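Working notes, structure below.
Letters A, B, C, D, E and F mark the chains in the order given here, with residues in each chain numbered from 1 onward.
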Amino acid sequence: MPIKDFKDGQAIKQAFLVNALSKGLTASGQPYLTITLQDKTGQIEGKFWDVKPEIESLIEVGSFLLLDGDVSAYRQMLQVRINSVQRLNPDSIRLEEFTMSAPVPLKQLEEELASTIKKIKDPDYALLTKTLIDQHYDAFITYPAAVRNHHEYTSGLLYHTLSMIKVAESLMPLYPKLNTALIYAAILLHDLGKTVEFTGAVIPKYSTEGKLIGHLQFMASKIYALGETLKIDREKVMLLQHIVLAHHGKPEFGSAVTPLTKEAMFVHMVDDFDAKMTMVDKALEPTEPGQFTNRIFALDDRSFYKAKK
Amino acid sequence: MPIKDFKDGQAIKQAFLVNALSKGLTASGQPYLTITLQDKTGQIEGKFWDVKPEIESLIEVGSFLLLDGDVSAYRQMLQVRINSVQRLNPDSIRLEEFTMSAPVPLKQLEEELASTIKKIKDPDYALLTKTLIDQHYDAFITYPAAVRNHHEYTSGLLYHTLSMIKVAESLMPLYPKLNTALIYAAILLHDLGKTVEFTGAVIPKYSTEGKLIGHLQFMASKIYALGETLKIDREKVMLLQHIVLAHHGKPEFGSAVTPLTKEAMFVHMVDDFDAKMTMVDKALEPTEPGQFTNRIFALDDRSFYKAKK
Amino acid sequence: MPIKDFKDGQAIKQAFLVNALSKGLTASGQPYLTITLQDKTGQIEGKFWDVKPEIESLIEVGSFLLLDGDVSAYRQMLQVRINSVQRLNPDSIRLEEFTMSAPVPLKQLEEELASTIKKIKDPDYALLTKTLIDQHYDAFITYPAAVRNHHEYTSGLLYHTLSMIKVAESLMPLYPKLNTALIYAAILLHDLGKTVEFTGAVIPKYSTEGKLIGHLQFMASKIYALGETLKIDREKVMLLQHIVLAHHGKPEFGSAVTPLTKEAMFVHMVDDFDAKMTMVDKALEPTEPGQFTNRIFALDDRSFYKAKK
Amino acid sequence: MPIKDFKDGQAIKQAFLVNALSKGLTASGQPYLTITLQDKTGQIEGKFWDVKPEIESLIEVGSFLLLDGDVSAYRQMLQVRINSVQRLNPDSIRLEEFTMSAPVPLKQLEEELASTIKKIKDPDYALLTKTLIDQHYDAFITYPAAVRNHHEYTSGLLYHTLSMIKVAESLMPLYPKLNTALIYAAILLHDLGKTVEFTGAVIPKYSTEGKLIGHLQFMASKIYALGETLKIDREKVMLLQHIVLAHHGKPEFGSAVTPLTKEAMFVHMVDDFDAKMTMVDKALEPTEPGQFTNRIFALDDRSFYKAKK
Amino acid sequence: MPIKDFKDGQAIKQAFLVNALSKGLTASGQPYLTITLQDKTGQIEGKFWDVKPEIESLIEVGSFLLLDGDVSAYRQMLQVRINSVQRLNPDSIRLEEFTMSAPVPLKQLEEELASTIKKIKDPDYALLTKTLIDQHYDAFITYPAAVRNHHEYTSGLLYHTLSMIKVAESLMPLYPKLNTALIYAAILLHDLGKTVEFTGAVIPKYSTEGKLIGHLQFMASKIYALGETLKIDREKVMLLQHIVLAHHGKPEFGSAVTPLTKEAMFVHMVDDFDAKMTMVDKALEPTEPGQFTNRIFALDDRSFYKAKK
Amino acid sequence: MPIKDFKDGQAIKQAFLVNALSKGLTASGQPYLTITLQDKTGQIEGKFWDVKPEIESLIEVGSFLLLDGDVSAYRQMLQVRINSVQRLNPDSIRLEEFTMSAPVPLKQLEEELASTIKKIKDPDYALLTKTLIDQHYDAFITYPAAVRNHHEYTSGLLYHTLSMIKVAESLMPLYPKLNTALIYAAILLHDLGKTVEFTGAVIPKYSTEGKLIGHLQFMASKIYALGETLKIDREKVMLLQHIVLAHHGKPEFGSAVTPLTKEAMFVHMVDDFDAKMTMVDKALEPTEPGQFTNRIFALDDRSFYKAKK
């Protein structure tokens, strides 16, 4: 039964992915575990009391568990009291059953990606973009867009990229002098470095390279190296590197340089626009009319108001 | 002859509007004037050497002068050496001959405004918006968008407002849950308070009310007072006041509150987007390919690069 | 027996107001409640172990409970172990028995308020002030001055307002050119908007209007609307609006504009002076000589030293 | 004739103090001097065209000149065209004829100082204060309060100190638990270090000690050393040192520590209050009703509005 | 048996120093204690379940306990389950058995100190330095360098001072114009004020003097007073005071003034260099190659990477 | 005659390099030029009155002029009154006669560079470093270290790099665990990107690449591309890229990432140390004992005190 259909009082026996794990101590000094269990429909908190050390060692973030327990309502939220667990071999698992996916099928996202690449009218930018995406294709179509957010979904990186493309396409007609080939290439590549910055598609962390180099600088290096190999005009390569290095806008938000071309300004603002609208949308969804959302960390920790209608 | 057609070596005798004025001292302690002269095609710097006190007192910012002088090239820029001036009676003047205007005829802007008001589907927001715009109509369609910028043109406020409407209309289909009536009303009203914040349509300054109350708070007060008079639902009025008070985004940029609804976020970002693209565009226009623009004060004093193409 | 007279070992059976509530989990997964109980003499923490769900649902912040329990000393502080509770009908309650009140009787505060209003020599300011206070009179004389502070007392808003009046009256003779009518009006109205910003007199929260509009902007709107209705000279109204909008001093402390008149500067500094001295005083009271107070959040989280002698 | 009575067209021959001096170049490469001339009633700008090198070398900031020239109006301001100058021996000069003085006679300020010292009821604080003031007495009663401001007057330091005493005395009755002896001592000593921080009473600069040690730290060292010599209770000395070190409030305004006692808070706020009201007052004085003052650097460069009345 | 040799399963009965103490509550409302136990080889966490109030009152930070318990492994870390405790008379204790010491024997540090003092070639600086160190000698050679860090060791202050001397001596040959006598004196005295700022050598806290005056200002006062007594040239004393007051670099890091001499700059940077390298070193030590250290609070909360090698 | 030997009253006729140029207007509206003239011994200001347009057009920053004029003392500084100029063909010029050079002969710097490269014990780092330096060798040994500073000298970049090597070598023995091969490589490469960031060795400006990519990111890209080509272990390359990207320390000083390895911390601090000591040294040189230096922009605009000795 999918997590989203769980009800108070149910007994369950089924598989979950362990998304997060913390340990507490009972009054008598015995450990217990709080485990965030996940399937493709959502997450639920599990409590494992009186866990034995030999069992405890089986439970790790990223592992799959066959779990026997009871669902109960606690303070208006459901949780699972865990009776026993058994570790599953990941080879026996279909990963897509345990991870949330983008609101659009991957197939369709891939088609959109392919058709977007075709819109890059400048052959140099088209070649650079295609080559770099091909080098990281599997990661690019499966990685999430962020590591911080527990609810991030598979293919979030691609979904965010294509969502930016849509915003950009809506606005480009209003600013007719923009170099659209450069913009398409830059948006498609701007976050591609995250495929190296994160450790994987499922429950990712920042990699060492992600921390020491950063995805902006990593991708700028890749573009430079490929531009040299393909002997592409230095000005063209530089303009593309610049947008990637500048797309966070300001040094205090991780930008290596500030945007100094119109296209860099445009891409940075499109990224910002789409990211913020998406965050507010997501926070408003579960909020009742007339109430405020939970605080949104990336928006200065503000709570947003959902109008009464 | 329009300013934009002036050439080195010409003698001129024609009328100008005085846009700015500063005074210097020659080595022998005599005053001379540097005057920014303006007509509808542009501005040019004039030098008035050996000006007599009785003449000097005729020359004020905002006055119209019939001027006799010679155009000469100085360090790659034209300037006017002024021989004599005569003050003109403003009643004899057609103002539109001396002020730059928006790139679209006023007639057309007024039609766009009228048709945009009709798009406000909610009758309360439509009534509030129409009533407030009517109260300030003449100023709204003639005032510039800012006082700081010497090149600001007549009807700039309306032009900017309608330009934001276009950006908003491009983006609204991507975020289908937005309250569009509220957004139309808020964009149309967001800067209407500038008709009180500035002292006039031509060469405006900040008014006392503009400094002590601010255009955000002024317009929020007007909306409140009108909402009470018309007995409009408090929630509706509050949501509209909120967007006006929040449209500068952050307190450090003059926002009275931070945006706390999705529509307030949207309007703030649309304003920001359009303002920044417009500034970069304007700065790039006179810049040669391969060069950097002049510094743009409102964009952290950055210079932007114009690609070699 | 009043809370302040509780002793270790006592059995009690009496009524309390629930000021705050949090829930914990015991080692066996059973919930228990930590309840901040309040009467007019103070607050004490109660622990309710093994609380049944049907009882738990009776206990809410703001409710009144008849409670059976035992007082015990724990780590130098008294607490109540709760044995049973019964919810009381609020109609049977005299609220003043359960809330701390200002150090001066309300009667006397009201008389001071009335006599202060009479000191406003300018008839326009007197009329504006009186009308607005009348519209919010009940809330103005009962609301606390802040929501953040658990120890805030009934009528704190009025007490703080009159305390500022005293500081202002001490200082006005030193600065003889001040417009005293404007200052009296501005101080009386400066925080009146809190009657809309907070949700009530007892255990208040920020209202939606409080968050989206803010008490400064709300009161400025009210003054504007009333000024229009009463056809009061715009300059007078503007000066009063300005002080209200400016009394927090700087945008980063929530001020809509910075003080730009001498009277606005004066009112802001008087507010600041009285607020800070009051906070330090309150923190020093329970502190032993030679020791430091608890950290004071609103004073940069500093601890203050109480001299030995 | 005093400067304040100068009129357009007058020929003058009289003595001045040179307050400031800058040099310009005429078109033919000859130097000319702009000299700020001062007497006890004010300042006026002088221009010395075609100055000879041998004359130029006589003119220094702080020197006294017998000057022959003509007063003329230039752009609504009077200035002096200097024909010749002669350097005067400072011994022949009565300094008080050339420096602005506090609005109260020095005699009266000295009496106020003496009577204020007598109000320090604690004998230790009284002794410390008296001894330190005696050590710097001549400077304390003549130095200005600041170096930055051209209009600073003789005895400004003492005048400011006694002005703070008046504000403190107005407020102390409202906060009855304050240690008044400590406050009197601290206010009297808080800026005494400026007698070392500045280079003199007339046209002072910052001394090397002023820059490397600072007047807060210098006075704290003096109090420490004297406390040791007089064997005064360390707690008492420390509390006094603390107020001196903390009276600028925050590190970014030059405070060595932040105020951590109620008395330190009080003295800091009284200093701030009086300083700001005085600055606004001074700026408003020459301003027309309905106009804004010049920008006040120390108040965030703001201009203040003078109401129409 | 030293703490560093403890093994899972051992029963122990031996003495410890209590370094830190916190209290928790079991599900049944009974208190238990978490005690950080310390000997000269390290620290270990102890849990005391079901502690009786009369026993609890014996256990204080800084006390010595004879303790009966069992060592057990919990989540890869050893801890001690405490069965009983007995308080020991501190007179019976050899303190050095219970505190970590600097990586060099105290004897050797004292010799280095003595020989460093001899390197001060200027007799005035030598005398000032020697006299002040003598006044605080016992504290100077035993105090730790900081209070915040649980692992701080005895004689850390002296060790850090001599470590800075070594860095300075390495660099002085590269900058031959430096006043080396001043630098030796300043480094030896720069943190000597910590002997007053901290409350003791073992488990120190900030003293009242430390908070109200600060170790920079305290030592500057001492130097001033001694300079007066010894009648040392004011310039020399001022230069030394300046380095002490400036050695934290910027006001936001607690510096009373910014460095304004080359020697002050040098000493500040040497302090900064050695402090940061030491912190990184300490954090890297227990870290596995290819992993990141724990966050280092004083280095902007960053984690450092230990290369794979 | 070298500039440093010029004397008041001399007539000169010799060649100079034009370092800077500004234009003024005389009272009669005629242009004059202020030219900063340079030879290898220093700089002097020249004034060219009554310059003819056809002559004016010959004079550009970076051009060489044969100049006829008179040296005169003006306000304690020498300047040149220019009578006539003639433009010289740069091919006829020996550049080293007109540019200041590092205090060490280039020959010797090149030898030091060669011997330093040999100290890189790790063959991969040695190869990377050597290859990259070879690619930019001519620029590396001639470029200045900065563009902002008029007094920057030829080969300043190399001199600064080798100066850092000396500081690093002094300190490395104190921190024995450092990876010295990595440090040598990183210091030699850290500013090599400036050969692309600046436009040339003489009177350089920032290049477009310098502004859009930045020398940190440029060099990191080069290292990456070369590392790929040479198939060097990714960890090694990453560690080197990291130091280059992190050597400015903080994002607000232009660092792409913050230092996250001990070696990155070390290199950043060594750079900072040497840069600051050098700036203070240079500013102190022309300063009289007992006086303060000119303000140093890069050191928070501070003036430093030169002790009386």
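Everything that follows uses one rule, which is that a contact is a pair of C-beta atoms (placed from the backbone, for glycine too) under 8 Å apart; a residue touches a chain by one contact, two chains touch by 3 or more.
Note that the structure is a prediction, hence the values are computed from the model and not measured.
Steps from chain B to chain D, minimised over paths through touching chains, total 1. Common neighbours of chain D and chain E under the contact definition above: C, F. Residue-numbered contact pairs of B-D overlap by over half with those of D-F, the repeat interface among D-E, D-F or A-F. Between the two copies, chain D and chain F, the C-alpha superposition involves a rotation of 120 degrees in steps of 5. Although chain A and chain F carry the same sequence, what matters here is overlap: shared residue numbers make up over half of all numbers found at their interface. Mean C-alpha positions place chain C and chain E at a centre distance of 44 Å.
Centre to centre, using the average C-alpha position, chain E and chain F are separated by 42 Å. With touch defined as above, residues shared between interfaces to two or more other chains in chain D number as follows: 26-28, 208, 211-212, 239, 260-261, 292, 305. Taken as a graph of touching chains, this assembly fits none of the simple shapes: it is neither a line, a ring, a star nor a complete graph.
Under the touch rule stated earlier, the contacting chain pairs are A-B, A-C, A-E, A-F, B-C, B-D, B-F, C-D, C-E, D-E, D-F, E-F. Across the complex, chain B meets chain A through its residues 166-167, 170-171, 173-175, 177, 179, 235, 239, 258, 260-262, 265-266, 269, 272-273, 276-277, 280-281, 284, 292, 300, 302-308.
Residues 23, 26-29, 31, 208, 211-212 of chain A are the ones that touch chain E when the two sit in their complex. Those residues of chain D that touch chain B in the complex are listed here as 26-28, 30, 32, 47, 49, 74-75, 81, 290, 292, 305. In the complex of the two chains, the chain F residues touching chain A come out as 208-209, 211-214, 216-217, 220-222, 224-225, 228, 234, 238-239, 241-242, 245, 251-252, 254, 256-257, 260-261.
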